[in-house]
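There are two complexes below, and they share subunit A, which is joined by subunit B in the first and by subunit C in the second.
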Partner chain A sequence: MSAQSHPGRQRTTWLIFIGLCLFTFVNLMPLLWAVLTSLKDPRDAFTIPPTLIFEPTLKYHIEVWTENDFVFYLMNSLIVSAGTVFISVPAGSLAAYAISRIPRRSAGPILSALFTIRMFPHMLLAIPFFVMGTFLDMIDTYPLLILALVAINQPFTIWLMHGFFLEIPRDLDEAAAIDGCSNWQAFRIVILPLAKPGMTVAALFSLLLSYNEFLFALVLTGTDTKTLPVAIAAFGGEDISSWSLSAAGAIGIMLPIVVVMLLLQRHLVRGLTAGAVKG
Partner chain B sequence: MVRWQRGLWLFFLPSFGLLALVLLWPLGYAIYLSFFDYYLGSGERTFVGLANYADLLTEARLWNSMWTTILIAFGSVGVEFVVGFALALALYRLNRSAKVFSVLLFLPHIVTPVVAALFLKWMLASNWGFVDATLLTFNIEPPDWLGSPVWAKVSVILADAWVFTPLIMMVLYAALQGLDTSLIEAAQIDGAGSWSTLRHVIVPALIPAIIFVISIRLMDVFRFFDLIYVLTGGGPGTATETITIYTYQLGFRMLEVGKASALGVITLIVVAALLLTINRGLNKAYRGGDQ
Partner chain C sequence: MAPLTIQQATKSFGGLQVLHGIDIDMNDGEFVVLVGPSGCGKSTLLRLIAGLEDITTGEIRIDGKGVSRLHPKDRDIAMVFQSYALYPHMTVAENMGFSLRMRGESAEVQRRKVEDAANILDLGPLLDRYPRQLSGGQRQRVAMGRAIVRDPKVFLFDEPLSNLDAKLRVQMRSEIRSLHKALKTTIVYVTHDQIEAMTMADKIVVMRGGHVEQIGSPMTLYDAPANVFVAGFIGSPAMNLLTGRIGADGRSFELAGGGTIRFDAPLGAAAGREVILGIRPEDVTLAEDGSPATIKLIEPTGADLHVNLDVSGTEVTAVFHERLSIEEGQAVALAVPAERVHLFDPETEARIAGD
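Presenting the complex of A and B:
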């Protein structure tokens, strides 16, 4: 900005910078505290004042993954998340492509309807899923949880992919149509290669969503299919004596997400609001 | 070209088939269940018409959970909006170093909600939590963060704010970056101070993003479950029992699935009504305001 040289403005900028540093530090305290706790022996964990300098140990990080069923829960989480992504993203992309290519006056109502679906309380879906699952004897199986996750994921995926497809010029489809391509051929040969980055982003977001999901996992899984969030909630919720262990588990669950987030950084806002800010 | 476009309907099939199967059908089934007295434990099911709705609407526990939800919703969205907007403006102002801050500030939002709730629980746990241990060091007697009815509500609001302020910050920051800077510069050349530039130029331009993000947050608060479930479980007593937690108790603890479905339908109606009102109100304020 042109006013950068102005000394008064410069000072405010510094004040804002320092303020932000302080806020960020305080804001990240819960996270730092959990990291510290996960590296502490119990004798360092229960002290007043809180111990900040201690001999760190990775004992609990190793123990939580080797002496508990966390690897099994991780597998469950991965199976369920992958299943959701492989159903939700292809189906959602096809629909999103069609929505981006039909006239605006028909696309508008479909998009609003999808947005309305986003408003449904998940609890209202969890009950029928639970009742039907009980009837069909499908509680504690992968397919039931995957279907439930697809239900909440699908509107999101369509919104997100719609934004990506809008960025691919329509002229390309039209050229393909004139050359005699069918809809499917045009999509597969011309559009799909261009949409791949977008689909990767949608897949990663869907992965995050399913990996983090708690309510459906809580009510639809049991001993055979329990996912990580359900396991850690039961594990770390109550027992104060296993603080270090549950903190290690919680940090472990968080790490892959941080990695995925760094990959997605550029698309973060768009993913969070599923393309709607632009509208 | 028209005929070519018409061929696109096939592309809708997989997705809309899925939506019908896993979303609309269960939803219809839930509405159907809401007319039954249905205790899943015994499997006995009797048609009772609107009795579930009548029961619920005359029940103190429902109204209690409704007010708690509204209090938490407006409390947390209020905090989130004020802090989120301030942060967005700060990031916008910083420009160059903003990137690092935005990533760090965003972390709480990306963490699995259950894990975030545990982090906060360990902060707030009595005696050995970081907050209490720090206060006790200075001989300050801390309140019972999660155990007293009033503080439990405050803690839940702050927890929600911790997780969702980054979302509001990011959306508004993105919207700010999309602003036409010549408008702001023109206002400054005209001698407008920072405050009046903010109020008369920046805020009006951001209204669509603000309406959008507030609406999204409000509807999410009404269905949000993870944080409260892990943090307080609705307690102490029913001090932090929101509609969602109450529905969970009804459906999955007491197995009264008919009544729980009715409560789900009521929630849906309340959320829809709330959103319509907010959209209307904000739209009116925006059109009729600063002109």
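Presenting the complex of A and C:
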């Protein structure tokens, strides 16, 4: 079944390839625009039609990283994201494993309940969290924001991991029990390593969610713990000259995620396609 | 190596009772096969022994010790799953050595025992491979290897051969048998294949609908099935089970559908009594002075000749080992030695004693 040997099929492959390239290009347009804008002087940034020939400047990128406390906010974001991932994924995996191993008729309602939580508008949750945070005197602390993000993130993590655990046959748990494992050992030594691709995906989703989250971060943080999305929002807006700076900030906020993606790419593709093909 | 006793074991899933008071005594080193139609509770019983399901009532003893409330890891049993259930992220050697590792054996002991087992099962060259790199037959062997390295008190097998092709199945059958001869460990083996049961077992337990129908050696079940169900289940092709009554002379059988089969001796039940008469296909012979029949269908299997005979409208299957020059539609005469005939009560379906 070699695609090369078949001219008709080869042409189709090329058409699909070109189509996908166009699609990718269209999708990347805003990003490209942001990159260009961040390299332009504000005066060039808003000429119509847009110029592609201009004198690039790294001025705004340098300004982002050296002034405006960008690095401070980035650290806040990273602390909050890491905290969320490191609570959400292990706790979610444990819950998902348990749900995947109980009878279906008990698991169904739990999953539906989680789904309902997921559907609940976050806006409506932000206020109670704020009230609770005030009551506990935890506004503008990392733990509060991390707990809030874990809470809204958990249903999705559990759903996702549940799917992965369902694909691991129960026979393996049972074989492990017979081979001398307690339930916990069976989970840790046999099941968990097999769920790794799933956990990578879950970690990534929860990282993206917590890193990009705006609403809760806005409501629950203050000067000490403000995260990047909230801080960046304040970068632009007032006058045209700050648009280049905003764009540079947007690029800056993306960079850590791009790096993580590149590092995890291999696991990610495996995780997203796991189960598609019988191993 | 240990005797295994099951006393009054019952199992219910919610309101559904699937085992109704099972009693089985297995001797030390015995090869016991649980056999029965699909859904009769064989796997459930095996899983009760393993501790993978909780027993509802009753007791299971291994080596005299009650194990019903113990976690599987504390029962000292090994199990070979139908799916093999090999750990995909471990090599063959790691799979086989896993129970030793959990038991805290030294790396040296693990290596030695795994190698010993690998030698017995011809797995030496595969020790560093992962399960996904093995064929079905090789995986099956690894699953057995994982069980034997432990030297457990009891081996449990749940239809271990059902995923193999016919040829490999026959080969593994005799391999498991000789493995048992060498290890002398008590084995409980589940299958729905009565040929597997007949060829491998020291003792067969025939189950139906969560009840034990009969326990005995393969030849006992073959020669003296306790009831109609066992009679029909053991043996291939299945036993002919004919309804009718004993003739007035006590040595003939009047078929319910009309016609009579005559025998060379009294049948061992009162004249005129309604019975179910069982005749094994291989006990049927053609004889000049036999009862009249017509040949309806001939199926040569190569070794044998399977023949469907019509006795006044009732179908009787016969198996002949010799090559006969007969053809379909031909009128013949069949004979069955009276001592090879099985009689069952039509009400209770139980064997009628005294024959």
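Heads up, the rule we're going with is that the second predicted complex is superposed on the first by the 217 of 279 C-alpha atoms of A that agree within 3 Å, B and C clash if a C-alpha of one lies under 4 Å from a C-alpha of the other, contacts with A are read in each partner's own complex, and residues count from 1 in each chain.
Just so we're on the same page, contacts are C-beta pairs under 8 Å (C-beta built on N, C-alpha and C of every residue); 3 or more make two chains touch, one makes a residue touch a chain.
Nothing here was measured: the structure is a model prediction, and the numbers come from that model.
By the touch criterion stated above, A:263 is placed in contact with neither subunit B nor subunit C.
Between subunit B and subunit C, the partner in contact with more residues of subunit A is B.
In the superposed model, A:30 makes contact with subunit B only, not with subunit C. When both complexes are overlaid on chain A, the residue A:182 reaches subunit B and subunit C alike. Contact with subunit B, but none with subunit C, is seen for A:254 once the two complexes are overlaid on the shared chain. In the superposition on chain A, contact is made by A:172 with subunit C only, not with subunit B.
By the touch criterion defined above, A:136 lies against neither subunit B nor subunit C after alignment on the C-alpha atoms of chain A.
Look at A:190: by the touch rule set out above, it reaches subunit C but stays clear of subunit B.
Within subunit A, the residues touching subunit B in one complex and subunit C in the other are 174, 177, 182.
On the subunit A side of its complex with subunit C, the touching residues are 169, 171-172, 174-182, 185, 190, 193-194, 279.
Those residues of subunit B that touch subunit A in the shared complex are 1, 4-5, 7-12, 14-16, 18-19, 21-23, 26-27, 29-30, 33, 40, 87, 90-91, 93-95, 97, 101, 103-108, 110-123, 125, 127-128, 130, 133-134, 136-137, 162, 167, 170-171, 173-175, 181, 185, 188, 209, 212-213, 216, 219, 222-223, 225-226, 229-230, 244, 247-248, 251-252, 257, 260-261, 264-265, 267-268, 271-272, 275. For subunit C in complex with subunit A, the residues that touch the partner chain are 50-52, 71-73, 77-79, 81, 83, 85-89, 98-99, 102-103, 132, 146, 150. Those residues of subunit A that touch subunit B in the shared complex are 1-3, 12-13, 16-17, 19-20, 23-24, 27-31, 33-34, 37, 45-50, 87-88, 90-92, 94-95, 97-98, 101-103, 117-132, 134, 147-148, 150-151, 154-155, 158, 174, 177, 182-184, 187, 208, 211-212, 214-215, 218-219, 228-230, 232-233, 236-237, 240, 243, 246-247, 250, 253-254, 257-258, 261-262, 265, 268-269, 272-273, 276-277.
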